[in-house]
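Should a chain be cited, it is by its letter among A, B, C and D, assigned in written order, with residues numbered from 1 in that chain.
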Amino acid sequence: MNITPSSAIAFILVLLIAPAVAGVATRTKSVLTGRQGAPALQLYFDLWKLVRRGAVFSETTTWVFRLAPAAMVATTVLAATLLPLDGRMSFIRFSGDAVAFAYVLGLGRFLLVLAALDTGSSFEGMGASREVTFASLVEVGLFLSFGTLVVVTRELSLSGMLGMPFAHHWAANAPALVMISIGLFALLLAECSRVPVDDPSTHLELTMVHEVMVLDHSGPDLALILYGSALKLAVLGALVVSVLIPRGGLPAAGSLAVLGGGLLAIGVGVGIVEATMARLRLPKVALYLAGASSLALFSLILVLWTPA
Amino acid sequence: MTHSSLQLLLLLVVLTDFAVLGTSRLSACIRWIAFQGAILGLLPLVTEGGLTMHVVALAIGTVIVKAMLLPGFLRWAIREAAIRREVEPLVGYMGSMLFGAAALGAAFAVANTMPASARGSLVVPVALVTVMIGMVILTTRAKAVTQVVGYMMLENGVYIFGLTLARRVPFLVEAGVLLDVFVGVFIMGIVVFHINREFDSISAANLTELRES
Amino acid sequence: MILLFIGLGMVVSAAVAALVVRGDALRDRVFATLVVAGAGLASVPAFRVLGGAGHLAARWPSGLPGGDLSIGIDPLSAVFLLAALAVGAANAVYGAADMRAGATARISRQANAAYAVLVVTLALVVTAQSVLLFLSAWEMMAISSFLLIMTDHHQAHVRRAGFIYLVATHTGTLLLFVMFAVWSRGAADWSFASLAAARPTLMWGGGPLFLLALAGFGVKAGFVPLHFWLPPAHAASPSHVSALMSGIVIKTGIYGILRVVMLAGAPPAWWAWIVLLLGALSAVLGVLWALAQHDIKRLLAYHSVENIGIILIGIGLGALGTAYHHPMLAILGYGAAVLHTVNHALFKSLLFMSAGAVYRMTSTCNMEELGGIAPRMPITFAVFLVGSIAIIGVPPLNGFVSEWLVFQGLFRAGYSSSALRIALLGAPILALVGGLALACFAKAAGVVFLGRPRSARPLAAREVGPAFLFPQLALAAICVAIGLMPAAILRPFLFVGATIAGEPQAQLATAWADVAPDAQHIAVFATALLLVAAVIWAGRRLVLHRRSVRSDATWSSGYGATTSRMQYTASSFAAPLLSVFGPLTGVQEHRGATVFHSVPRDLILDRVVAPLWAYVRRSALRLRPIQDGRLHFYLVYVVATVLAFLTYLVVTQ
Amino acid sequence: MLELLIVVMPLAAGGLAYVLQRARARSALLLMIATLHTGAVGLLWVRPADSALGGWLMVDDLGLVVLSLVSVLFLVVAYYAAGYLRTQTPRGGRAFVSCLLAFLSATSLVALSQHLALLWVGMESTTLAVAPLIYARNDRRSLEAVWKYLVLSSVGIALALLAVFLLATAQPVDGGSRALLLPDLISGASRLDPWWLRASFVFALVGFGTKMGLAPLHTWKPDTYGEAPSLVGGLMAGALTSCAFLGVARFTQVAMAAGLQTFVRPLLIASGLFSLLVAAAFIIGQADVKRLLAYSSVEHMGLLVLGLGVGGIGTYGSVLHLINNGLIKGMLFLTVGNLVLATGTSVVSDMHGMLRVRPVSAWLLLVGLFAVTGSPPFGLFISEFSIISGAIREHHPWVAGATVLMLTIIFAGIARMIIDIAYGEPTGADDELSSGGERASFVVGPVVLAGIVLLLGLYIPAPLRAVIGRAAASLGGAAP
């Protein structure tokens, strides 16, 4: 554990503005589609409301169903501890922590999926099945991107890759890094179940993925889940930002500002996509993810063939 | 003189080979094979080295076993088992004659590759011919009895070869050989006898119950 | 060393006890005690070796060709020996109870005896130091496991599985004959030491040797495409046997490959690449095929194929390390392979045991008939969950540690400056495997244990007894321990890796210096994960404490009359993923108005091996007419032979 | 004189057995003679070799191996027969016992004779002694079997005689070397005429090969083994074929001594591989267990000549294999005999689930499966492994590859059948059969034989090792 003031602040910042990022996304969408829409901070109100509610549990469910939401938030928080949020150093850093980053998110997903199957409802089973399908394809693109970063920076830890000297590598490998940034953003949309993979604002269960999976959660558990997915969006957003904008050179305050701004920008970007694109048919999603991964693949091959 | 008479006898052997090959009547077959046995008995007498006790005994033994006992025994089997008198070839007489001719050619072909020391003597080719024609009879005749005849001829062929070594191979061995052949044919005869009783037809071609289905 | 013999002796006596002791309860107790105690004793020297006590050895002069039979423990043997003994002991306890619950006294006596023999032969295989002893132990291992597979031989599918297994393993053994024959050409005798000395005499840089080793041991290890015997065998045998086979027996194939690498020296680069490719192939296909299964034991069996693939990737990395003179990579690769071998042995046995417990209670392995077990068998569910989290390789359990080590190798290969860097492409593949494994175990745990019962069978389920649970809890504890404090166990594994790679102590030291801090941080990370989760959980409890908590039927979008048949089934859960990979998965889907069901096929067994065997059989039957019973033809054969030989005589003049 | 006793004693006893009236007495005599014979052979091991009949009967290393094998096997079979004759009376028992003893005498003669013509006489006598044994049941099938056996092996043996004469011709006329005596032949090998020698070897291979049952001269084997009583089958597959192999080996000794390796080895390898091929082809999908054993015997004969052909350690393995194969074949035939007695058939489709019906024999059958297919730790594993590595060391990698391929197929075939027999549910007819109840006299023999084979896989005593090594050396091979 190496906690510097800047990293601590950045960490707290991310935890706090996570709901806002999601809110900005919906806000942007409603603005662009010319609707009134909910305020950007709506999610905070929802969470507060849910926390004060009671809960209803299905008779078929077991402790897994109750554990999953907490575990999901915990795993996402831990994922955040691995990112150099302040552009310098993460809380926990070790070579190959990128693997931990991806896999700890996987653990959260695993438990959430089990919770869905725990209810014994066909809807949630359907959602769970789709979730794992897309997630397992997302992993490929994610690791291709990590691989590219490893080759470019010759570093094994996220802090090492995205930390101080990252700016120099940009000069040499701009095209590859741009490509993986785009790829990562596309994967983010899938991982956080956004358009074009999933539509959080739909009301037809049969077309849902994430939403239908958590259909049975209520009260504080639902709050945890909503917050968890918002946090996931923020954390992955932070990853994209760190890849796209090397902040090693900036002073701490500046890098924090960039982070905050970047996260909001991500939210805007998500909103724009949701406003402009339609949700893909399920069979097409695999192609979409393959496209995102192939971006990362191209960049990896590019850097493999041009040794640093 | 001995050499030329040896050649003469050997030619006679070849003639008997073809005679057996060509005859259609079982009794005639057996008569010919008995005749061949008798010739074999004479062979050691005319090989080089003159008459020794050993050679004479051998000649007598051969004549007794090959020319008298075995043919007589076969006749007994035929009579007792009421075997029909035809030879019943699977291949026609003409065909088996051709086989015989081929065997003759092959025998001399092989004999020609012999070392020069042994060339000229008819012993090897005649022995080979007899062996091969014995084989031909074994493979082309339906009746079990005829196959016994074929086996005897094959045995004779080998024996011709042995006789030329009479002085090398001690008497005990020849005795053993004769005895074995005798017992062998004897047992075969017994079996033939039983076969006929079991399958009321002596044709060995019917013995096809044991097979890979 | 003597302790090893005493311990194994005790296990042997356990076999005898299983046969002779009267009184079921007493017999089982004696059997289990002897096996556990023997395993404990025998493991002492292994620990000493890993502690750096140097190489222990003993010889026995037998008049056989090829010199003495020698036995010894070096670090490589030690690791595998420990794994075999631990898993063997755990399964002995479980198995005795399971057989007693499920089989007649006579069957279970024989099964227990065969099991003890299997444990002993496993120990001999990994400690043998001469060819003949190794091959003997190897084949006796195969035979005893065959006998165990045939336990339920009144079922036709069991006999078929046993036959396939027997032929496959014997073929492998014959390939090993050839391999050792090739190897011993230049050797003084047939002891491993002499084989190692004969290294220079190997033709073509040992290429044929390494290929033969890969093929011969591969049949046992069961990587694609040599895995075809594995799923039927695991589905056919009793649970504890499946556990031991999947945990240890197939790992002896890995041991063999590593042993050959260690003795014959650095393999050629192309071999390393082949191993890497095979590893990736069986990892992906294994997990895909696992996803397609609905028989829980077959599913677990295919996961063994997947994990063997991961282990092979490790071996491939190690071999690449030696081939491209990258000592760090060599140590990491081999170390990762061995560590993952041990980890997989632990959690796969665990999973087979808990699946077996479910089978014992519901007497079905068909997931489509299960569901709703968790409330009825809470502890079994808990350990199964631990096993699942371990096998999908996510923090905070041991599976993550070894997969992380493999990724380390892949990444480090990635930024080296030689052609080696291409190996980095293995990383995304391994990630895909991880994702698919996650999906697969979500399906396994979810469909078997959670939701509502899909048939009447689960209703009868009750929690199993302590003799079933203690072994599982023990293994689960080890999994957690390795996951939470990897630093404690990583060093010996790197030591083994260095031994296999033939790297000097100095390299080991640098590697360890490089890896140790990371291990510490992983420990921190795992602990932090648990802490944060605990805190949030506590907070949630606190909040809910003051709120009204009701329970009601599952919300199904307003439709009231839901039945258990409306649940997502194993088939439907896996359908979207399988549809992505199309024909590769070999499933046949049956869609109907009321039912969706998919039937898995093994592409290799059903499309390659079986047809091949049928072809051989057909062409053999075509020769039958030769033996048609007619004496005249037989005589013609004699004549033909004579003529053929005479021609040979004439032409060779 | 011991040698002469070993040959004559059983013959005399055979005559005596024919006049003995009481079956018990005959069995006792059989057992006694077998034991005495084994004892005498044991003496040969400790006592320095001398010769009888002016060197015609003398024990050398190869002969000693064969003789010991025959003697031990016969002892076990005799013990089995004693129990067998209590329930069965083949040919009224009298001729049966006499022929058994005559067979022992004939095989001993083959093993001991240094004079090749005498060896031939012994060989032919084995044929004659066995024929009545095959014909134990007076029915058409056994009649057909004995007829085919008689004709084929007589033809073969006649060709072998031709080979003997050819060899005699190959010897130089001017004295010095005694005719057809093995020591003289080997010592004077350089002066043998190569043409006659080659010719004689060719005919010897065909002649004795027919007696061994090398493909395609094996055609009598499945019929004979299928019809003969199991213990006779065991004697034939174990002892008789070994003697026939000794015949081939004797001629090989001379040929090797005369430096005809390049001529001899290809012939041996070719016939060995062909036998393996045919055996594999007929073992797959075989329906009758006794016929299966017959083809397995063809396989092992092929391995024997193959080892002889590749030379080096392969020849060592071949001699070792001679012992192992002989013992395990006896063991398997006796075991199968028990099952056949239980079910009254040797057709697999009627003999499932034997583990229920005859547990001991069924377990023995499983043991036999692994032993006969050369699985470690049985002796055949050592010998087959030696043969394969011999092939590779002597630069015949493809021979090794083909052999391994055939062995795989053969294993699959045998395993399939034996799994079907041992496992599964008994077919209806067997349920009446008293489950379990197996008399000791029927299982002790197989157990002993299996034990010896297992022992030979783990430990070879020094004297045996030395003898095998010297025998292999005399065959142009080498001890490892």
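One rule holds in what follows: contacts are C-beta pairs under 8 Å (C-beta built on N, C-alpha and C of every residue); 3 or more make two chains touch, one makes a residue touch a chain.
On a predicted model such as this, the values are computed, not experimentally measured, just so you know.
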If you count the contact pairs for each chain pair, which pair has the most? A-C
Whole-angstrom distance, CA centroid of subunit A to CA centroid of subunit B, is 99
How many angstrom lie between the centres of subunit B and subunit D, each centre taken as the mean Cα position? 30
Chain centre separation (subunit C, subunit D; CA means) in Å: 43
How many angstrom lie between the centres of subunit A and subunit C, each centre taken as the mean Cα position? 35
Can you pull out the residues of subunit B that are in contact with at least two other chains? 113, 135, 138, 147, 204, 207, 209-210, 212-213
Which subunit D residues touch at least two other chains? 147-148, 151, 155, 159, 222-223, 282
Multi-chain contact residues (two or more partners), subunit C: 624, 626-627, 629, 631, 635, 638, 642, 646, 649
Under the stated touch criterion, can you name all the chain pairs that qualify? A-C, B-C, B-D, C-D
Touching residues of subunit D toward subunit C in the complex: what are they? 147-148, 151-152, 155-156, 159, 198-199, 202-203, 205-206, 209-210, 216-217, 219-220, 222-223, 263, 267, 278, 280-282, 284-285, 313, 316-317, 355, 370, 373, 375-377, 381-382, 384-386, 388-389, 391-393, 397, 400-401, 404, 407-409, 411-412, 415-416, 419-420, 423-425, 457-462, 464-465, 479-480
Which residues of subunit C touch subunit A once you look at their complex with the stated criterion? 371-372, 374-375, 381, 385, 388-389, 392-395, 400, 403-404, 407-408, 411-412, 414-415, 417, 421-422, 424-425, 427-432, 434-436, 438-439, 441-442, 445-447, 450-452, 514, 517-518, 520-522, 524-525, 528-529, 532-533, 536-537, 540, 543-544, 547-557, 562, 564, 566-568, 572-577, 579-580
Which of the residues in subunit C come into contact with subunit B in the complex? 624-632, 635-636, 638-639, 642-643, 646, 649-650, 653
Quick check on the complex: what are the subunit B residues that touch subunit D? 113-115, 117-118, 127, 131, 135, 138, 144, 147, 151, 154-155, 157-158, 161-162, 164-165, 168-170, 172-173, 176-177, 180, 183-184, 187-188, 191, 194-195, 198-199, 204, 207, 209-210, 212-213
Which part of subunit C faces subunit D closely enough to touch in the complex? 62-66, 132, 135-140, 143, 150, 153-154, 156, 159, 162-163, 166-167, 170-171, 173-175, 177-178, 180-182, 184-185, 189, 613, 616-617, 620-621, 623-624, 626-627, 629, 631, 633-635, 637-638, 640-642, 645-646, 648-649, 652
